[in-house]
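In the two complexes that follow, chain A is the common piece, with chain B as its partner first and chain C second.
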Partner chain A sequence: MAYLSTTNYLEDKDFIDKWLYTMRTGEMDLSWMKAATEKVKPHEANSRRGLTYRDLDLGSYGFTGVPEKVRGNRSYAPRGAEIPAGVPDAQPWVSRKSEVWAFNTESYYEEAVSRQWNVTTDIPWERLDSVELPETIGKALSQLMTFLTEVEMIATDTPAMWLPRLNPDFIEVKAFIAAQAMDEARHTEAFRKRALTTGWGLMKASPVNEMALKHLRDADSFSEMSVALHLVAEGNVLTMFRFSEYLSPTDVDKRIFRLVMQDEARHVGYGMQHFKYVLENFPEKREVLHAHLDEAENISFAGSAATELTESFIILAGGGLKKENIEEGIKITTKFNLKQMEEHFERLDKCGMPERKQRSKLYQMYEMGRAAAEAAGIKL
Partner chain B sequence: MAFYADKDYTTDQTVFEAVNQVMSGNLTLFWYDAKTEKVKGKPTDLRRGLTYKDLDLGSYGYSSIPENLRTSQSMVARGSEKWGNLPDMGYVVNRKSEIWADNVTYLYEEDKSRRWTPAVDVPWSDLDAHPIAAPIEAACSQLYTFLQECALVSMDFAARWVPLVNQDFIEQKSWMCAQMFNWARLNEAFRKRALCGGAGLGRASVSGEQGLKEWLWADSYPKGSLSINLSLGGIVLAICRHVAAFAPSKVDRVLMGYAMQDSARQTAYGSGQLRYYLTHRPAEMSAMQEYVDDSEHVMLALLGSPELIEPLIIISGGGLQKDQVQAGRAAVAKFLRLAISEYFERLEAAGLAASRTRSRIAPVVERISAAA
Partner chain C sequence: MAISFPSTDYFEALKGKMTAQQEKFRRLGFIDTTFGVKVGNNGKARNFVLEFEVFDLKNVREVDAIDLKKVDFMIEGDARVWREMIENIHRNGEADSSHDLNTLAHFGEQLKIVYDDPDGHDKLYRFMESIQKFFDLSSQVEVSFS
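Take a look at the complex of A and B:
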């Protein structure tokens, strides 16, 4: 066993005798009744919303009162409880608020809880019975779904890896991450189910994008992980979902993309707010995050070499494999690629990193791509 | 950073050429004839929708996952064609027997269909309309403080392991995400309940937390799952059932109703996983039994914690008067017997038939229960 309790309770005579005494006589210690904790009385601020975490933001229990450096709790005790001597160290790696916090975290979590949906029953799968897509479209759709199935689960593994490393006082962040993990599992499920209902099954893996997944997982700090996952990767995927909804060949696909977009937007929202928070409250981190973005953007650009994805996107966008289809598909895909990069830099700008454009090689690629698109007569 | 891309792609001519070729209309279509099975899954029962079971087809199905995963270490979706240079993600759970349970896909589907929202599905304002006597409210506040500790550790357990589980176990990993979410939701509900009664939080439990950490930090998934899913899930289920029966308010009754559903799924998976493990790895039986013997003292650490047992007596008896405490003790004695009995029943049903007879905690709990 990796940890042994400081006491073997089977051999702790005092512990068992006290318990036995309580049960036999009814005399209780009741010292917990004198716990030195604050008495508060939260109420629903809005009865339609119910009792939210924000309603509990009171005194020593509130998230507002969590200090920048959490020194008082390293155990599994809930924030605000009395912590007696002898509780174990939960070994958190992250006890600094600016490393994890985001304005509105509690609301992102509450929204996630209230907007849970069920892939099994909320998608009208039965409508696919009467759908026979042309081979080119069916295969392109399957290839897109294969890619999405492959990448979605990383957004489960990566935040999950950090969840037990966060100080238990960051309960709203931990809850948000748990909700995100569920969201991503659901996305994987949706895309896998759709791929396996096309009639073509899954298609080819995407090695270039797998490299990006590895990069996402192996960040040095939560903030670096978050900027690469929530801002760069999920930001890119959010743009992709929007375009995919636009070029979906069936209403079923449109429905899937609309639902996953809700979830993904929430994750990007958290990522943006966290990025803003860390830049404002932990300014020394700025250079570290720039350096991480250098690598994240390099890997993001590498994704353009994943022809299995680009080509399937072109076919779906153009509606087939004929010359005119391909031409139309290329126009839309070019717009998509540029929009993805444009939105990425807009997000960084809004979060307080406007200087990123000057430093970023990806931004140079964006400008080159934009100039080339304009030269080719593609309206942006 | 622990991982860097193999090169700077923004200066790599091969990338530019590849992109230019495709964006000039010269598609490679190398993916078009992927060597994968062609299937068209359909819902077998329209009322249930399209379940993972409906997609248990050929090379895509979970039934065909082999015991040892030797050729999958990347995040490639099970059944798709692997090619090129795929990374090793460093999974450490690569044997089906160490993670799987026959009921895992059903539990995942059930989990999604039974979603609830603590903010709005619990009638919180009822506590204002029907306030509870101070000693009972203090007991509730303490009980829900204890339950938050249990929920936090259970959430951490699933989170700790999910990135270490091979991607081919996609349904299993999805279930673990559902578990994380369940425990986050229960933690939220327990916290809201503890605070909205007006008594604030209580005191953390030393014995409880020491025990929880020992279970959480078990050195293999099957051991940790036995402890956290089967044993702890079982204890939480028993507490929720007990409190629902003696609920001092409508809020507690409704909340515990939801909590029972969620914790029952954890327990069902814990039992299913242990059964699957022992069925497929009979040689591990004695090691697992030894682990149970060594770690079952944590059951005492939790059940005997004053931060749990005393509030339970007060809630069960309805107060602190002598006759109330007397009634509370009797009810808690039943609770203890039932919790322990169910624990052994689950172990026996999963294949650890000798647990009850060799257990050292059973006589202790019996002696304590009998004392009431």
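Take a look at the complex of A and C:
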């Protein structure tokens, strides 16, 4: 046990006496009724939407007033409650707002809650009964699903690990991160179910992918995790989901990818808004962010080029394993790879880091890939 | 009576169907985005701005040109492509796997997604299922093409 209560209540005479005394006499303390807290009355700004976290942005309960450095609350007390002496120090790792905050965090959470879906019942699995895919396509699809299951399992673990480390005053961020963990668990479920329904079972785990995923999981700070996960990895995965939808061999697969891309795009949205927030509110961190990006781009380049992923995409895009299929598959997959990199730099540019291209090795890879594609006659 | 495409009447008709199927769209969740639809025809274009809020299409209007700074993204395509998509939806009750928005727009060969801010662009994907189901309502509207 890492933590033991500083009092053994089961053997503490004063505590037990008070418990029995209240039972015996009905005498109550009631000091909590005089809590020194603010009285507010929130209203729905839009009755169609309901009572949102934004509607609760009032006085000491609001998120607007949360200071850059939260020194007043290190316990589990909800923001705005009276904090009496004797609450434990929860030892949050992150108590600096700019380390976690994003513009519109509360809206991302509300959107996440309202757009939840159910893999078991929202996917028309029964339509697969009449589907018979050629062996190579079925196996390639299962390999893609195996790869994505691997990705989504770590995408569940990673944000969830940060939940107890965040100061409780960051309620909205914690709620968003909790919703994200749920989203990623759902994606794991969707991809595992689809892999098994191909009839080929799961295919092979990817060492390169797992090295990349380990980097996400072991980030040293929330910002490093967010840059690597929300902005870089999920940005790439969003493009990958769109590409997978485009290549999907059945309308069931199309629906799966349309639904997962919605969640993924929301996570990318948070990542972008967080990145912008850090650059605007903690400008001295720009160089640190570049260093995070150096690593995140390295692992994302490796993950995106993993054999298990690339080859399944080439087969799905080309429609098989014949020479002409492979030629066509390589053309389409190359266009996707370059588009993925282009969109990454577009996002960074718009977030306020236009200089990234100049120092990024990934951008050099992009230019090299583009030149190679043009030389190979691939129309971009 | 058939409703002409492209026109605000067409989008208003979809809006009416959307309202009539509130439960389905509530189930899909909040949709908060404003986007443009550009329909090209022989070098000319008709432009529409669709403003979605909470669960509804709040407002649709035809404009001379779409200001990309005032919309999240714009879906642009030739009238021929839009017509093929709508006719496909009408035949199948929903877009088939060759005619859904992401497939048509993925490499910009049929429809093209144009945007100023990638965050706005990503909203297409954040609300993709709602937007697709919105266009799929075309299956319930008689459409004529001018």
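Keep this in mind: the second predicted complex is superposed on the first by the 360 of 380 C-alpha atoms of A that agree within 3 Å, B and C clash if a C-alpha of one lies under 4 Å from a C-alpha of the other, contacts with A are read in each partner's own complex, and residues count from 1 in each chain.
Going forward, contacts are C-beta pairs under 8 Å (C-beta built on N, C-alpha and C of every residue); 3 or more make two chains touch, one makes a residue touch a chain.
On a predicted model such as this, the values are computed, not experimentally measured, just so you know.
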Request  = With the two complexes superposed on chain A, say which partner A:E264 touches: chain B (first), chain C (second), both, or neither.
outcome  = second
Query = A:T188 contacts which: chain B (first), chain C (second), both, neither?
reply = first
Message = If we overlay the two complexes on their shared chain A, which of chain B and chain C does A:R49 touch? Say first, second, both or neither.
response = both
Inquiry  = If we overlay the two complexes on their shared chain A, which of chain B and chain C does A:T250 touch? Say first, second, both or neither.
reply    = second
Request  = Report for A:N281: first if it touches chain B alone, second if chain C alone, otherwise both or neither.
outcome  = neither
Request  = For A:M211, select first, second, both or neither according to whether it touches chain B, chain C, the two together, or no partner.
outcome  = first
Query = Which of the two partners, first being chain B and second being chain C, lies in contact with A:S98: first, second, both, or neither?
reply = neither
Request  = Applying the touch criterion given at the start, work out whether A:E111 contacts chain B, chain C, both or neither, answering first, second, both or neither.
outcome  = second
Request  = Check whether chain B or chain C contacts more residues of chain A in the superposed model.
outcome  = B
Inquiry  = Does any part of chain A touch chain B in one structure and chain C in the other, and if so which residues?
reply    = 48-49, 110, 114, 116
Note = The residues of chain C that touch chain A in their complex are 28-30, 32, 53-56, 96-97, 100, 102-103, 106-107, 117-119, 122-123, 125-129, 132
Ask   = For the complex, which residues does chain A have touching chain C?
value = 46, 48-49, 107, 110-111, 114-116, 238, 241-243, 245-246, 248, 250-251, 254, 258-259, 261-262, 264-266, 268-269, 272-273, 335, 339, 343, 346-347, 350
